[in-house]
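Okay, so chain A shows up in both of these, paired with chain B first and chain C after.
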Partner chain A sequence: MRNLSFKKAFALTLAAVMAASLAACGSSGSTSSTTAAAQAADSGSSEGSSAAIKIGGSGPLTGGAAVYGTAVKTAAEIAVEEINAKGGQQFELKFEDDAHDPEKAVTAYGILKDWGMQASLATVTSAPGAAAAPMYKDDHIFAITPSGSSLAVIYEDPDNSANPFGNVFQMCFTDPNQGVASADYLAAHPDLGSKIAVIYKNDDNYSSGIFAKFKAEAAVKNLEIVYEGTFDDSNASDFSVQIQKCQAAGADVVYLPIYYEPASLILTKAAAEGYTPTFFGNDGMDGILTLEGFDTSLAEGVYLLTPFSADASDDLTKNFVKKYQEKTGEVPNQFAADAYDCVYAIAQAVDAAGLDASKSPSEFCDALVKQFTSMTFNGLTGQDMTWSETGEVSKAPKAVVIKDGVYVGVED
Partner chain B sequence: MEFISYLVNGLGLGSVYAIIALGYTMVYGIAKMLNFAHGDVIMIGAYISFFALMNFGLPIIPATLLAIICCTILGVVIEKLAYKPLRQASSLAVLITAIGVSYFLQNGAQLLWTSATKVYPSAMPSGSLTLGGFSISWLTLITIGVCLLIMAVLTTFINKTKTGRAMRACSEDKGAAILMGINVNFIISVTFAIGSGLAAIASVLLCSTYPSVFPTLGAMPGIKAFTAAVFGGIGSIPGAFLGGLLLGIIEILAKAYISTQLSDAIVFAVLIVVLLIKPTGLLGRKLSEKV
Partner chain C sequence: MKSNKNILSVLLNKRHKGRTISYTLVVAAWIILTVLQRGGHVSSLIAGLLVPITCYMVAALGLNLNVGISGELNLGQAGFMSVGAFTAVCISGYLAASIPAAPLRLAIALIGGAFVAVIFGLVIGIPVLKLQGDYLAIVTLAFGQIIKSIITNMYLGFDENGFQFSFVQNTTELAPGGKMLLNGPMGATGTQRIATFTAGVILVLIALMIIYNLIWSKSGRAIMAARDNRIAAELSGINITNTKMLSFVVSAGLAGAAGALYGLNYSTLVPNKFDFNTSILILVYVVLGGLGNMNGTMIATVVLVLLPELLRSLQDYRMLIYAVVLIVIMLITNNEHLKTWFKSIRSKQADSRKEAA
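Right, the complex of A and B next:
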């Protein structure tokens, strides 16, 4: 009996240790974001303003998509610091970790709402964005996502592009637009190759969404798709079959509307097989150069359709790239640029509407929606951007190619 | 020619499943428990060999040995701390504990090494062997070779050595084995040590083929290998081997000839059919319930 109770006690202790460790994991994420918020708050208060407008946002600071969240957070911080340094209306940023998980994004939303955010950067990635968007609508808080590109982020009924939330805007292209733009680009540049193979992730909204529109547009433009391969979460490591099929079909362009992690495995496998087509990706491919341990020479010659290239020679881009590099030592990607633009766009709309920190989130929402649908914005990711009533942005995409381990703009 | 190339790829993938499945099946055969933390031991092995290769600059063989040593110790420690106190408890309690250990390892790895994916360095010989019209990469050949070697050594160990015989005795009838003077606790520890050591080898092969390292890396191969073990007959060592190879081949061929979308559905459909016809798996033995 005594022995049994000892065992029970031991098992309980063990369980407690595990629970504690799990709790520690949970809290570490939020600690990092509160420190970030504290830093942001510090930088705000050092300018001597207590009436800063509160901007919230969430994104993956941990997990597989952490590159995106970190880029967005860093760039948004840079933008807030710059705007505050000018001495006009002050802003304060609080950025929470959602680990690219819809449930955590909802939790993050709750934290931000309690904190009293008046405008938001919504979420960085699409699936969490789709989960949080109805809450932004219900609570009437204005949000503009830097990079949540799925239609589900801005429409209640994304399949039919119907019932827009109305107060959730996008800085990036929507997925369908990326697919259409990619097909148009390939049609306009037959030198890249004419036989197209596609490998996409069929259990992912982002990837299958882009692919569906790409396929439809490819049919219109008479592009030849010689192979369609898929993968999903449970077999995202073995690409031997897909690569062999692309090769056997004689594809000279492989279109990868997927995130950079599986893409890195595909590039590695293709190189091992001695298969060298032109790889073509979208914004999800962005980040491949910063993957720890990845041999960037494998990504040489990969094309990306993105609205931003860090080697552009305008002052705005140069200044941003310099500040970003000082802060992180890395070249900013498109996500960072989108986030920077989001903050500036909010600031421009706030100025135009004459808002200040004393207004309620709901008043902010009405005024900002009005401004966004009527204003024109010039930023890092495009000139003369406008937004439709549904929250979609209109701007011109740009192709970049990876040369010597950096993104280089392709001149048309 | 294409078919042979798919077959070889399937054998390579199946070999990794087989090595992992051995860990599941041995532990089940002897301790009668499903060690769901096995996949996460693979993940730990992957991180250890990753750091050995990247940070200490060790060649592949010492790096693998280091991973084997660390994983063996980890396996034994997990058994002593988490499973041994529950030896008399219901099998459900042990199962839940195993899942707990699995989460513990995954989250521990996330804390220690963050959840950002790292790319495994290529330390294995690259290039491929060209035979006639088609080529097989050295990596695939090495994977298949290592799997065959492990199988041969393990079979000899189980059949010829005293410890091996004691292991078989434990799996047949634990009570009788105790009466015969076999130290069952020691045998279970040895089983965990061997299973975890194999997990380390599997981790190096797995990450050399699919070079990304992240905290949940062991989950999916773990589940597939567990399926392979059930497929072949859980508790049976040749069964795990056969199940692993078949699972790998079916998966690749289904992807190649039927649909990349349906490959997993096909794999599991085959599993269901096999279990309907032969509920103990391909090579599993029917055990009569002891009263």
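Right, the complex of A and C next:
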């Protein structure tokens, strides 16, 4: 009995010590980052300009979608560092975790608002974006999401594409546009294959949103869809049935409007079955090459319709890819590129409007909305981008194909 | 003066002490937070967490009735919240034009959400509660998963021609001006946020009133008798199935109302939110607060909802610390030395009170 209580006391002490030491680690980590920010702000003031403009943002840094949030955070940090290094108007970034949960996104929004953000990268993913967008509207704070592609992020009434929030913008394509663009691309390139099979995730709004529009556009373009396979969270680990049915239907193109994790399993399964159609994906497929434990040779010949390819030869892309690799050791995906563009677009609009850190978030919002709806922006993810009053971006999608483990642009 | 004292002694006797403390806590928290909010002293972070905290509180109180008082393990509380939430969002969305007054629409939606959750509770309870053993845990676990899958595949919309419904494949084609109430995996979007902290507090008070009155009633004593010794209770003429059903259905109804308030607090609601993890989270609030202890449940809910947010400054370590803190709390609350120490303090206090009297 005495022994037992000793064990309990020991366990208790151990747990308490662990908590304390972790707290110490954590707090030292956060102080170092704040001092870095303070230093950045100091160097800014030595250049003669005023305090830094506060940019907020939230995304999944933990949980299943963490790879997107981390990519966006890293890329946005790179962009802020670059802009600050140039002198001139300084920026400060605060990026909170929302774990891809609408409830947490609203909490993260509260933290950012308390911090005093003047412009925001909104959220990385769609459902949290749809929850946070009305808050941005209510408090009149400008937001541009790098990758929240659902219509509900920019429209109060997404069913009719009516009542846009007006101050929430998108850097990425909307889901419907991706589906339409994919169908158009397949129709314009019959050499890829004519019998199309689709495998999509029916409990995911990104995936089913793209598929719905793809199907509608495929009917218009007379594309033949020979098989529609679905899966959801609970059975996203075994795709043998879907692969066999694709094979049985004689599909020579398999369209995968899904995220890269299930896509990697589908590619692995297809290779094991000796089934080699052309695989075609959207921006969610981006990231498959950096997935741990995935044999990238299986992704050879996979087509992606995405606005960004890391192998592009222009200086802007080369510089960004180099810096991103120095920081993380990984090739940046399209989410990272969108985030980088978001920060630069905000910076361009701030410059054009002549804003400085002393203005209120509401003044920022008015000025930035005016700039965004009138300016053209050149970035990593496209040239001559413009935004409509509703917040939708207009830019040209690029097709890339995976060759020798890297993305290569497809020349038309 | 004398009558005042009498009221106080009635409020603080064994039978009423628990509920007096509960009501006082809730009302005091409401007054303090409302005053602070009027003065602009509440941060946006806390202001945003007020309504979800009351929602989780109501769901946890309901679950405590089922797990603590009735002694049945329920692993599907999030499933009932889900049913209530989506019912309420649909009701509110449909009535948005005809009933513009937000409080009335909120009340109707909450009652609707609770009602549908009660129906589901009955459907599950009737076959399962006739059995002896852990079947309720298994069935409620499955219920949570099934509800998530069903709502993920449901499409419901309406336009001027009436409702349109489809399952798995979205075949609804709405006329312009129509509204999708449920949009498959996207859940409900564009919901008007009509939930308020005051409504949440009222809901918590109603939940407490229902639970305390049930516990101290004849049915409540039957529920506890059935928990403590099934055979003895049956021999005393208690209908075990009916008493267990009562607590299970009330618990489901409260979860439904909690979900309804939650759903109307956000402009978007996805079915994946109410998964197994959420059920377990609510169970953790109940277990850490103490089985059968309503005040403990409320405090545990507040602490455990706030904790991960307040630990944000620790960045990635916070999930780890959250887990460690849970373990520490469990060890502390079950530590024999501490328990006896608390008991000795209490008995000393009681002694001194007696002496003073």
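Basically, the second predicted complex is superposed on the first by the 362 of 412 C-alpha atoms of A that agree within 3 Å, B and C clash if a C-alpha of one lies under 4 Å from a C-alpha of the other, contacts with A are read in each partner's own complex, and residues count from 1 in each chain.
The criterion applied here is as follows: a contact is a pair of C-beta atoms (placed from the backbone, for glycine too) under 8 Å apart; a residue touches a chain by one contact, two chains touch by 3 or more.
Not measured: the values here are computed from a predicted model.
Once the two complexes are overlaid on the shared chain, A:L291 sits against chain B while remaining clear of chain C. Chain A has more of its residues touched by C than by the other of chain B and chain C.
By the document's definition of touching, of the two partners only chain C reaches A:A152; chain B does not.
Of the two partner chains placed by the overlay, only chain B lies in contact with A:S264; chain C stays clear of it. Residue contacts after overlaying the shared chain place A:A131 against chain C, while chain B stays out of touching range.
When the shared chain is aligned, chain B and chain C each come close enough to touch A:N202. Using the contact criterion defined above for the overlaid structures, shared-chain residue A:V220 touches neither chain B nor chain C, since it reaches no partner.
Legend: residue contacts after superposition of the two complexes on their common chain; A:A51 is shown touching neither chain B nor chain C.
In the superposition on chain A, A:A188 makes contact with neither chain B nor chain C.
Contacts of A:A272 after superposition: chain B is touched, whereas chain C is not reached. Where the contact sets of chain A with chain B and with chain C meet, they give residues 11, 15, 18, 22, 25, 62, 202, 232-234. By the touch criterion stated above, chain A contacts chain B in their complex at residues 7, 10-11, 14-15, 18, 21-22, 24-25, 28, 62-64, 66-67, 99, 202, 229-235, 237-238, 240-242, 244-245, 248, 261, 264-265, 268, 272, 291-295. The residues of chain C lying in touch with chain A in their complex are 43-49, 52, 145, 149, 152-153, 157, 168, 170, 174, 176-180, 183-187, 189-190, 193, 266-273, 309, 311-321, 324-325, 327-328, 331-332, 335-337. For chain A in complex with chain C, the touching residues are 5, 8-9, 11-12, 15-16, 18-19, 22-23, 25-27, 29-30, 61-62, 96-97, 101-103, 106-107, 109-111, 113-114, 127, 130-131, 133-134, 150, 152, 155-160, 201-205, 207-209, 212, 232-234.
Taken in their complex, chain B has these residues touching chain A: 2, 5-6, 9, 13, 54, 81-82, 85-86, 88-89, 93, 97, 100-101, 103-104, 107-108, 110-111, 114-121, 126, 137, 139, 209-212, 214, 220, 251-252, 255-256, 260-261, 263-264.
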